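Listed below are the structures to be examined.
Two complexes are shown next, each including chain A; its partner changes from chain B in the first to chain C in the second.
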Partner chain A sequence: MDWLNAIVQGVLLGGLYALFAAGLSLIFGVMRLVNIAHGDFIVLGSYLTLVVVQTLGLNPFVAALIVVPLMALFSYVLQRFLLNPTLGKDLLAPLLVTFGLSIIIQNGLLTLFTADSRRVMAGGIETASVSIGGGLNLGVLPLAMFATAIAVILGLEFIFTRTSLGRAFRATSDDAEIAKLMALDNRHIYAMAMALSAGIVALAGIFLAVRTNFDPSTGPMRLIFGFEAVIIGGLGSLWGTLAGGIVLGVAQTLGALIDPGYQVLAGHLVFFLILILRPRGLFPRMDG
Partner chain B sequence: MNAPLLRIENLSSGYADFQALFDVSFDLHAGEALALIGANGAGKSTLLKTIVGLLPCAPQMLVHRGDKIGGLSADKIVRRGIALVPEGRRLFRSLSVEENLIIGGERGRAGEWSLERVYALFPILREKRQQPSTSLSGGQQQMVAIGRALMANPEIILFDEISLGLAPAIIKDIYAALPSITSTGVSAILVEQDVTRALGFAQSFVCLQEGRVSLAGKPADHSRADIVAAYFGSH
Partner chain C sequence: MKPGYTIERATHASRIAGALSLVAIVALIAAPWWAGRANMRLLGEVYAFLALASLWNLLAGFTGLVSVGQQAFVGLGGYALFAAAIFYGVPPLLAVVLSGFVGALIALPLAPILFRLQGAYFAIGTWVAAEVFRLTFAQVSALGGGSGTSLPARIVTDIASTRDAREMIVYWSALALGLGTIAAIYAILRSRAGLALTAIRDSEIASESLGVNIARSKLVLYVVTAALTTMTGALIFLQKLRISPDAAFSVNDWTAYVIFMVVIGGIGTIEGPIVGTLIFFLLRETLSDLGTIYLMLLGAVAILVMLKAPKGLWGLFSSATGITLFPLRRRVVQFDAK
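Here is the complex of A and B:
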């Protein structure tokens, strides 16, 4: 029973990891940019949620209506004026700049909020659960995370395959030079991709803030979980990202069942195992 | 003679540490088809890329309808009605045939070109419209590349090596479609390895040699020997 419970909890946790990973994957897919600050963006989203909840007294999920657009706007500007000029044939320049951003965000948060752990309360949702029989209880919050992850992936799939913006993303990713000849402004397209990614990041940040304690140094580990989910799932595949998140989540909850100290380690071990057995991930590149 | 549609004036251009074009000047008039010929490395593709804004040049080097457009970004040039059919076709591989055409048109100028008209020009594309662009033969991909440029409703269309790597029968089909494009008043600059074919299609020509104009005029006004000399160099 414990095992079954751990697996179910792991699957739901995978939803959160898929949220960490989806934005990362989107950015890499469209502009081959590896955002080292991605985890810190998530934590920034968590702090922004904290501020909005404390100052306006909103429920954190209502606060999403403010946090998501703010993060998207911030990231659009960041991409347009800081990251775009670093893009080119060399992957190293954007890597270094986002690494610097990661340090700036962590230290900025440290200065503003101190190193104390924070948590955002959501009026009981965080501890509520529903029974699905057989002695299994599902947390409302994990269910909401998982449902959000599926909604986000469906939404991304719709944008990529059905909309003009999605065509522009794919075309720019295929051949950025020719995309310019379609009257596409790459700088705007890249900034839109970063804004979309940041919207997803903001959702991840809200869930992170409600689910667990966070402090300014929490980001890099979220980045690693996101990376692992992307690589396990296979680069460039949206549903693979969800699968990768689930594999990672289940590995962690099963590891924690053996010994709570093994939770993170078990995830890393499964990640390495998959790198050895299927270096291109479970679902290697489909489009989108 | 009327003011030219596009004036190229003392244009110099090239890549970071390599100058490929030196003081190139010629005019393109409304409705005119101009063949740009020259040996490999003469600078033909570089000139087309500079015109569409993929390579930088000074503002006064390109004058379109009286406006200095040199150095404008590629997306602004397309919106002014100058489109390129690039060498090697370069379709978007993750887009279907129809998506390649749609993306060519959705940010371009308004005008009479539509999916329907492209399919009327190249009927085979209608059958293949849902397929990935990479699943098409070379000739069909070339048709998509031409259709994609037309969807932006250009008044000047630049063709870069549209027959490269294609079977002779296919090349004939593609050239058979060109008059129905230029007959609508669209001007064209055609870069082509096959000089005879290019001069047969165009009303005027410019020959480049090592980045400079070596000969220009109307095909009928110059002997074959002159053109060969301008093409290969006579020294």
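Here is the complex of A and C:
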């Protein structure tokens, strides 16, 4: 019974990891950029939620109406002025600039909010659960996380296949130079991709803030979980990130069942196992 | 008189620098007689970071293997030293040397797995590996688990019976390791293998078409770097005398700072990391009261350098003056034959 419960909880946790991963996968797909500060963006979203909830007294999920656009705007500007100039040369520049950003965000949050761990209350939803029989209870919050992950992936698929923005994303991804010849403004397209990614990051940040304690140093671990989900699922596949998130989530909850100290370690080991056995991930669609 | 030609690597500047650095090295060896205890500790730290920065630069600057997981080997070195000394009674200085083999043995099977990841994903992969090490050592209760352990007094007094003598020996070991690492890197880069490495740095495709075995060069370099980084880690924790998983595998201490040093100093040159390390410590000693602001400043400076002067401060200086202190390039020099 414990095992079944752990697996079910792990699958739902996978939804959160898919949210971490989707934004990472999106910007890599469009512009081959890996944002080392991705996890710190998520934690930034959590702190932004905290501030909005505390000053306006809103429910954190209503606060999303403010947090998501703010994060998207911030990232648009960041991409336009800081990250676009690093693209195209070599891999070192974007990597080191986002690494620098990661340190700046972490220490900035540390200055503003101290190292104390915080949490955002959501009026009881974080402890509510529904029984599905057989002694299994599903938390309302994990179910909402999972549903959001599916909605985000469906939304991204819709954008990529049905909208002109999505067409522009695919065009610049396939060949940035030719896309420019077709009068696409790459700088704007890249910034839009980063803004979209940051919108997803903001959602992940809100769920993180409600689900667990967070402090300024928790960002890198979120980056790693998102990265593991991307690699396990296979580069370039959106549903793959969900599958990767689920595999990671289940590995962690099963690891925690054996010993709480093994929770994160079990996830890392499964990641390395997949890397050895299936280096291109479970559902590969493109080459790194 | 007809002109003849010869191939030279040494430059005027490099000869002067060579002579000056000999004087500096003699002064540094004599530091226990002119520097106080605090300054000696600081110098010891500088030497360790000199080694770490030069090694990270060798990996990232010459083969494009950008690792944000070198703390895996720093921590491994520390734990190898503590384990060897506590469990097997190995003399600490010998344990520092042996830890290099441990690092190489671990890196050899790890590298092919990590090499399956490209570019930035390789970087994060190395970080995950370091996390695995951290979480694993946190489970080893014989070495203090998550809270860590201190080097027992009887092992510490094993190095030398008095505190002064002990600090002198550790200081000289750090100096030897720092200088030795730079010398080893210079020797590697001037060798046949080094020629291959600089070729890979300039163009992977072109060097492969000329017969450079890129996969093997990268593997060998990764393992050599890992071994030397592990030795540096062992020495760092011999200076600290205390270890814990969070301190041993800290990404900020052993990788973030190191990356900033190399980027600010100038990536892809031997001088760059040296300049970067000196600037880092100069800034730290003057600005560290600022705390977190100082780190934000450092991050901002690194971003600025990466965007505006990707070759770093040494690169700016070198291209403005044409001076190189560790010449790798061969030049054709004309001379008048009698």
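By our rule, the second predicted complex is superposed on the first by the 284 of 288 C-alpha atoms of A that agree within 3 Å, B and C clash if a C-alpha of one lies under 4 Å from a C-alpha of the other, contacts with A are read in each partner's own complex, and residues count from 1 in each chain.
In the analysis below, contacts are C-beta pairs under 8 Å (C-beta built on N, C-alpha and C of every residue); 3 or more make two chains touch, one makes a residue touch a chain.
Quick caveat, the model's predicted, so the values are computed rather than measured.
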Open item on the list: So in the superposed three-chain picture, is A:L269 touching just chain B, just chain C, both, or none of them (first/second/both/neither)?
Closed with: second
Open item on the list: With both complexes overlaid on chain A, does A:A171 touch chain B (first), chain C (second), both or neither?
Closed with: first
Open item on the list: A:G123 in the overlay: touching chain B, chain C, both, or neither? Say first, second, both or neither.
Closed with: neither
- [ ] In the three-chain superposition, say which chain, chain B or chain C, touches more residues of chain A.
- [x] C
Open item on the list: Using the superposition on chain A as set up above, list the residues of chain A that contact both chain B and chain C.
Closed with: 288
Task: List of chain C residues in touch with chain A within their complex - done: 60, 64, 66, 68, 113, 116-121, 123-125, 127-129, 131-132, 135-136, 138-139, 251-252, 256, 259-260, 263, 267, 292-293, 295-296, 298-300, 302-303, 306-307, 310
Open item on the list: Under the stated contact criterion, what part of chain B meets chain A in this complex?
Closed with: 52-54, 73-75, 78-79, 83-84, 86, 90, 92-95, 99, 102-104, 106-108, 148-149, 152
Task: Footprint of chain C on chain A - complex, ascending - done: 33-34, 36, 82, 85-86, 89-97, 99-104, 107-108, 110-111, 220, 223-224, 227-228, 231, 261, 264-265, 268-269, 271-272, 275-276, 279, 288
Task: chain A residues touching chain B - in the complex, by the definition given at the top - done: 164, 167-168, 170-171, 173-175, 177-185, 287-288
